[in-house]
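The structure under discussion appears below in the form of structure tokens.
All chains are identified by letter, namely A, B and C, in their written order; residue positions are counted from 1 within each chain.
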């Protein structure tokens, strides 16, 4: 057995037995996955996945980064260079390399997710290591050939009720359309992610703006045309089921410029005359513009600030984005959000979900802000903090000022489709552990904890994301 | 029963039984409340409170902020606008609104304090919810009509030995005088809080300065006259029992200007020619001036930095201060305090108690500073961190570098008079829990823990505040 | 008994018994002390220590700072002023003062280390207090006269396998030479610490540069001569066993200047024309230069940033460095290290061990950085955080993103030679406690935890420091 039935529960027996009872209330609830990065192509085409390495190693930046940190190289792990379509590396050899180094993942969430996938999805009970590497590779390969391991069948097996992917503002959502038109009952929606047409530092920003103009038939040489283009794109996303937007800015800065100031700034930005401060101001103003649109069209905003993307220039130049070299940075919210909150923060039609990679902001800034502004809700522990200890710290640092009802349940936020049930399992167990400790310390009653557990595992995600 | 006798104690049985024994040593000790914001009027006049809503909801910014965060409006909660004397909203209706939303407070300190008040003060054992709302409102209303629920009687019932309120530098302390002259034996003193005549950004700063001149008959057009005015006001406060001053600056910055520089700066400030940096420098210099006066007159300084006051301009304009919209900010102490500490930090006549809303400074800055400078002591977990987890984090992060004897015991810091025993109860229990864990891990002996528990619950407050 | 056999272990019985079993695997392992500040003179001369006060109080800045914080004065504790060779204060009187105030150290690591030394080294079982002060002073004094309490005999008794001291770039390492040439089998090596010839703000920087020139016979008026001087000194250290360098900069800033820019900057620095920004840039560039040299000569770099040294000017002027007045500051790594990491971060020949005094960087910056860059490893909880809670927080905050194998085992980092076994004992116990909790929560297996415990206690230090 790779998984113990009491994993992540409190060590104390009394508290553990409370956690067990709470977990019974939530274990079998359907999964709501309101924010993530799976590929809608999978669900549209429903083709079989090919092998363990392409499914579980190459696209998983958590796995890549740990192996790289110990001296392995991206090219040896099958990661394609920018000028290659795909790596020619032998998939079995890569898997063996992973197996040999699997001990490195001890006590990391990657191992928890992997072991869950191995046992629950592929029915494996042996530990992964050098000796079992080939067995794993072969067994998983066999499984993946079967119909029951195709994306739609997995989705159903995982008991997913709704899955949201994330697409850029320029995406045609053709796979979402095709899923919608299909006979399959699975619900896969998109999230409006306009960073590539908002962030002047994004690769190909100007080309993206031109593409935006083309798609929307708006005159993006004017500020109002540019805003209209966003509105049209949001409408289009909404028409296919989208309920949220997502904004991955370097900071949480917002602004409240007059329309003439904003218009002038926009002219600088699209004529490449904006300096770094002006680019940042533009991103800041655009968060406020997105909030204004949200009040009109109802999209829930998500703000994911504070990641220093592509920290290593050499790796970025050779291999591109999302290879494990994004590093969290100190983040501020109090001054940063003030312009937006002053303008719109008391409007109960607005919903903004905040995420952070800077845990020092949980108790200092985020819980106090979400604990008073009706528009603000707190997203779950994110990315590096999406782990048993990270989730526990989140509840411990956030709950006393923000309560439970200013949080939004769990996001798996993953590219790794097979890990979705593993991640929700960790989250539900850790929340039950937190609640069990609260009961054991006589802060809440067990009956209340049961209610709350269901909110955290299921209901809050539906309400918060308007699903 | 709303309260379990083992609330907040460790979950482990061995550690819990140690905590129980430690708590027996401190449970019945008198309450020292050396810093808070109750209204001296109550104790001077000893009038009956009117109803549950006016006593427990409308003045409690913790309660207001949580309700607002879920979309309720200040006007619906009976909060008067700036242009109203008081709200006309029906008090029973407000109470019902509160009762219906009471589940929002699960796992927040507000509920702990409220439940303690309901059970211990009003003898209620039913859970507050929509159904029991009227029972609560009626029962509390009945109680409040009785003599035994008047402020002085409550003070005695709460076993308070000393209570300090906080008054501005311009206050005449007439209620304190009247309390002192009364036959009642309760001890209610004030704290000298000069922010409104020190902070150039305070509403009405210039009028306040003129009022200060009038009261003290000093020529506040000169720097030395201004300083003399402070000295006279401090003397006056001291004559009525005051032992401490309090300084709620946005940052912990201090300065050490020459007298001519300080004098020039003061001229700019009172002629409204100071820019933002100069205003900050003036506040910084004034902390140092207050420290110099403390060495002379013995007042213990308290510095409460790091709150972004009145974060929402709209709310402030309509409803004014203290409505739940103060948000903690990142705070620095090491550079900020250096000018003052270089000048006066080794003088053992000086006592400065530091507070923070930025928990990342506990182990990084505050414990190391208080663990070496004889003038510095650490105030307890403050405001958003005045909660079971917040207090536990404080001890865990502070003790190893600062020990117990560089901390000052508990402050309830509250406007909510009925919550005082609840807050001290939480603090005593959490400190006993912390100490019990230290005993159970064999870091200290149980006999030592008993000593320390009494210090933390009672003695350190008296010594630190010179009571 | 001063020490309980279960000290620092988990309170829960199940978890505690796991910790006991894990500890059996590591308790008797030899001590690797790869970074510290003991005096090589002791091991070269092997003279008897003189008395308890000179051995345990006067050189221990942890002890001094706590006593000062409570109003004692450095002069009364036997600390020599800058203009004295040594203090004339009676050693027994100082010891009595310490004994009387020993209760101040409750729950601080100083007491843990002291009690361990008292019981394990000197065989004392009574509590230290005013009454036992003389007994202690006499007994320890008697012990110190015996051969078995001389430095080399202690080293052997402590089961030390290797001890590294730290010397400035200008040191002749004569004591290390003499140890090496002696018949004694103990291994005492040095660490190359060039701050005094790199940091333009270091006392006597220019004289130090001239001394560097003299020692190396390099033309330090040129940039290349200056770099060559470093190379020669590193070679000399390496010839006597050194495997690491150490850099105590105020920040973690690095730079990547062109050689002509660096050369110009160096000219400004040695002609005293550099302003504060240029001095910082010079320190930053020198970290990168040290990294380049490390790739060539194999020295492991250690970076210890973030201490505000000599915070109190008065104390520094009278008593000098290292008197307890160094205070941690907020520290940033992500931007700061980028120039170095962009240039050299993927080179697997480079090894850099990072330390921090800012615990907020553990999960936000350090673990994510070390979890991807092959050159980066994380040093253990440092200085104020070298304590049971500090070590536990380190593992809890670091492990999920960096794993165990991107950490380097324990450093005692001490000037207090007798405390070395005490410090390693705390570290081994706390790591076993952390691992036991991981086992009890079913995150890792007990067999894995045994492996990891040995890595953390012994193996990782040897590998990481190339010992």
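Simple rule for what comes next: a residue touches a chain if its C-beta (ideal position, glycine included) is under 8 Å from a C-beta of that chain, and two chains touch if they have at least 3 such contacts.
Owing to the predicted nature of the structure, the values given are computational and were not obtained by experimental measurement.
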Determine the shape of the graph in which chains are vertices and touching pairs are edges (line, ring, star, complete, other). complete
Fitting the CA atoms of chain A to chain B, what rotation angle results, rounded to the nearest 5 degrees? 120
CA centroid of chain A to CA centroid of chain C, Å: 40
Residues of chain C that contact two or more other chains, please. 12, 360
For a test of understanding, state which residues of chain B touch chain C in their complex under the given definition. 10, 12, 14-15, 332, 334-335, 338, 341-342, 345-346, 348, 360, 363-365, 367-374, 376, 396-397, 399-406, 437-438, 440-444, 448, 452
Using the touch definition up top, name the residues of chain A that touch chain C in the complex. 3-4, 6-9, 11-12, 65-66, 68-71, 103-109, 112, 308, 311-315, 324-325, 327-330, 357-360, 384-385, 387-390
